[in-house]
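My structure is below; once you've seen it, I'll send some questions.
We call the chains A, B and C, going by the order they appear; numbering starts again at 1 in every chain.
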Amino acid sequence: MKKSLTWQEYVITRLIKVSGYSAIVFVALIFFFLLREGLPTLGEVSLGDLFSIRWYPIEDYFGILPLLTGSLIVTVGAGLIAVPFGIGTAIYIAEIAPRWARNILKPLVELLGGLPSVVLGFLGILVLSPILRQWLDLPTGLTAFTGSLLLGGIAIPTVVSIAEDALDAVPKAYRDAALALGATHWQTIWRVTLPAARSGVLTAVMLGVGRAIGETMTVMMVTGNAPVMALTPGSLFSPVRTMTATIAAEMGEVANGSVHYHVLFFIGMVLFLISLGVNVAASTVVFRQKKRAERILS
Amino acid sequence: MNKIAIEDLNLQYADGTESLNGINLEVPANAITVLFGPAGGGKSSLLRCINRLNDLAEVKKMTGRILLDGGNILDQKTDVIALRRKVGMVFARPVVLPMSIRQNLTYGLELAGEKHKSRLDEAVERSLKQAALWEEVHDRLDEAAIALSGGQQQRLCLARVLALRPEVILLDEPTSGLDPISTGKVEASLQELKKNYTVILVPHSVQQAARTADHAAFFLQGKLVEYAPGTEIFTNPQDQRTEDYVTGRFG
Amino acid sequence: MKRFFTSNRDLTQRLGFSLLTLMTLLTVIPIIGVVIYILVQGAPAISWEFITGFPRSGMRAGGILPAIIGTFYLTLGTAIFSVPLGVAAAVYLSEYAPENRLTRLIRLAIINLAGIPSVVYGLFGLGLFVLFLKFGTSVLSASLTLSIMTLPVIISTAEEALRAVPQSFRTVSISLGATRWQTIRRIVLPQALPGILTGVILGLERAAGETAPILFTGAAFFLPRLPNSPFDATMALPYHLFVISTQVPEMPIQIQYGTALVLLTFVLGMNLIATYVRSRARAKRQW
């Protein structure tokens, strides 16, 4: 009996270990399949054509620059909303809100994170875009700006929860020391707590922006789907087309193995690499901070 | 008769904290051996070597031998699980497992494969009596153990070890968080227990060391300074450092 | 002079706090607004027929049963794959993993999985499950795709729950002759269960509401029946909402809001359950 127990334990331990490594396997698999289906693009479309300003697959124009700029402008817009509001809310929740308010606000922000993006896109079409069209006197309410507003909302929970964690992790002694020196609560937040949490806040910003770049359904539904170059601030108020929306909108209609199919995977590869870059950068910030803390403590 | 013989034991942790240097110590059976000295001297580390609990810590280097009934327990081939059943341990803070009083007591036995209810019940009653807790809890064995007072919890921890019928009992400052009355009860139990068990105690004060020790070893910065019968070391210490500590000049 | 400074500082503080409060309100009020608005607009559409009927007249009438059941199947399928794998991975990270380079790589991989855009998961699912493994556009392919997407949420919340179990329980258990796995199974996992459950529900909540990963892996535009096997495609609430709000002309607005309400109820219901589990566990906890 003793023997069978150790045998059982051996198997279970093995299984657990293998599961532990699964995340690495999946990231590698995802990258592999994106490469496998995306890389043939480079043999089929010349780099000059790929990085041109015309996306019109029906006539074999596969310039991804309009999609890149589309993603860029919507994401920048979303960042301009999510960063201040996200950090502001995080500071309010972590530093100012009384306990009861905190207990309401935290689940509420989590709730926002749980709202399906298709629901927000749906409301964007039916409610937000008519309002914006009227207020801003635009020919259509389906613009990059509409997308930015909603995407900002979608990115806020990410920013809030990570930034709030970071603020929460600042030792209470720092705050007590600042207050004891006669600083006001506001000065303490601004000059002590926030700077002490800055790497966490930076991570929050990066991951929030990363979330915005990758968002698909909402932007597909509300940004008007026009693959045109968006270079001027004015194009914020005209229709654009993001990389994610392009994949989602067109993948269903292409023949497997066609050039168009490969290009869509190529765009997916670009998105994957962007998110990889953002996340690696964000986590090195965290690691570095940890190392510094370890050095100080030891 | 020596139950345990420690031979030239060296220990260094990976994080550079507390370590042991060249420890030689013989622990007699059926007696209370006390390991005392200022904090960080290596007492707890030594205890954790004797039931191989140090396996959980990141040990950088460990050499020497610990013989239990003549067999080296530091040997790679030692059955650690069987060893830990034979060498029980009570920790400084009472840690009751998040279950009922009864389940706390039967936990170790069930892990060992004991399924007979009658034998489990017998072990519960016997161990609680040995730890002087039976009177207080026998009518509420199925209530959550966390509801007990601190002193009761620590005696439950002792009973939990006794339920396994160990041969050696290690106690790491078992009364440090307890009131004087509970401390008295635990110490009285120990005097009773040493008749059948080998007891190694890290006391939480010199006074406790003096009250309980049959033999006492004074540890300072990872070294064994002096080892003698309790009647001698506290009244007539041979080493100046021992004397300074015992008389309260430091520590 | 001194008084002047003090009041100036107070003024700054008051202004600053007001600004932050305002920002918080501007963040929070729209959330409540969205939920209430959909509730009010969608409620009239809800009827027995709407919940239990099949779509009729090109989805412009009738019910949304196939979409509800489809989302239920997808969520279940996601749970079957992601929960055991995710919890086991969390156990590995919390209980076994040494602090070395490989473990850091695992953590980095988890962070990356969490950050990969949902539509890229869709591409991956298409490439691996639908085409390479030949599962076709099916409940199986979509569930597997959603599982991998959900994995990082489950791993990180479950690991947090496992780590919250006091180390002393493990030490005591080991000292009583338990093996590492016995300790995990008898002490650590039961104690961490509520936290793990919360994480699982939150992860599945996200999977239930996702559209992009199932677009090309398992979602059907219109299917007037329920899927018969894991190899059938299925309708799903989020995709259905997308379809009827963008692809079907002259769609009655009430049905759109009704569908949004059902989806929101599904998702927020899970969120409420998770919150309930968490708060009850906190109240009952013995450490």
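FYI, contacts are C-beta pairs under 8 Å (C-beta built on N, C-alpha and C of every residue); 3 or more make two chains touch, one makes a residue touch a chain.
Bear in mind the structure is a predicted one, so any value in this text is a computation, not a measurement.
Trainee: Using the mean of all protein Cα atoms as the middle point, what chain has its own Cα mean nearest that point?
Mentor: C
Trainee: Per the definition of touch at the top, where is the C-beta contact count highest among chain pairs?
Mentor: Counting C-beta pairs in contact for each chain pair, the top pair is A-C.
Trainee: From the mean C-alpha coordinate of chain B to that of chain C, what's the distance rounded to whole Å?
Mentor: Centre separation, chain B to chain C: 48 Å.
Trainee: Provide the C-alpha centroid distance between chain A and chain C, rounded to the nearest whole angstrom.
Mentor: Once rounded, the distance between the two centres reads 16 Å.
Trainee: Any idea how many Å lie between the Cα centroids of chain A and chain B?
Mentor: One centre to the other, that is 54 Å.
Trainee: Mind pulling the chain B residues that touch 2 or more other chains?
Mentor: In chain B, no residue touches at least two other chains, as defined above.
Trainee: Which chain C residues reach two or more other chains?
Mentor: If we look for residues of chain C contacting two or more partner chains, we find 179, 182.
Trainee: Which residues of chain A touch chain C once you look at their complex with the stated criterion?
Mentor: Against chain C, the touching part of chain A is residues 6, 9, 12-13, 15-17, 19-24, 26-27, 29-30, 33-34, 36-37, 84-86, 88-89, 91-93, 96-97, 105, 107-112, 114-123, 125-127, 153, 156, 160, 184-187, 189-190, 207, 210-211, 213-217, 221, 244, 247-248, 251-252, 256, 264-265, 268, 271-272, 275-276, 278-280, 282-283, 287.
Trainee: Under the touch definition given earlier, write down the residues of chain B that touch chain C in their complex.
Mentor: Against chain C, chain B makes touches at 51, 53, 56, 81-82, 84-85, 88-89, 91, 93, 95, 97-98, 107-108, 111-112, 144, 146, 157, 160-161, 164.
Trainee: In the complex, go through chain C and note every residue touching chain B.
Mentor: Interface residues on chain C, with respect to chain B: 166, 168-179, 182, 186-187, 190-191, 286-287.
Trainee: Touching chain A in the complex: which residues of chain C?
Mentor: Residues 9-10, 12-13, 16-17, 19-21, 23-24, 26-28, 30-32, 34-35, 37-38, 84-85, 88-89, 91-93, 95-97, 104-124, 126-128, 131-132, 148, 151-152, 155, 179-182, 202, 205-206, 208-212, 215-216, 238-239, 241-242, 245-246, 253, 256, 260, 263-264, 267-268, 271, 275.
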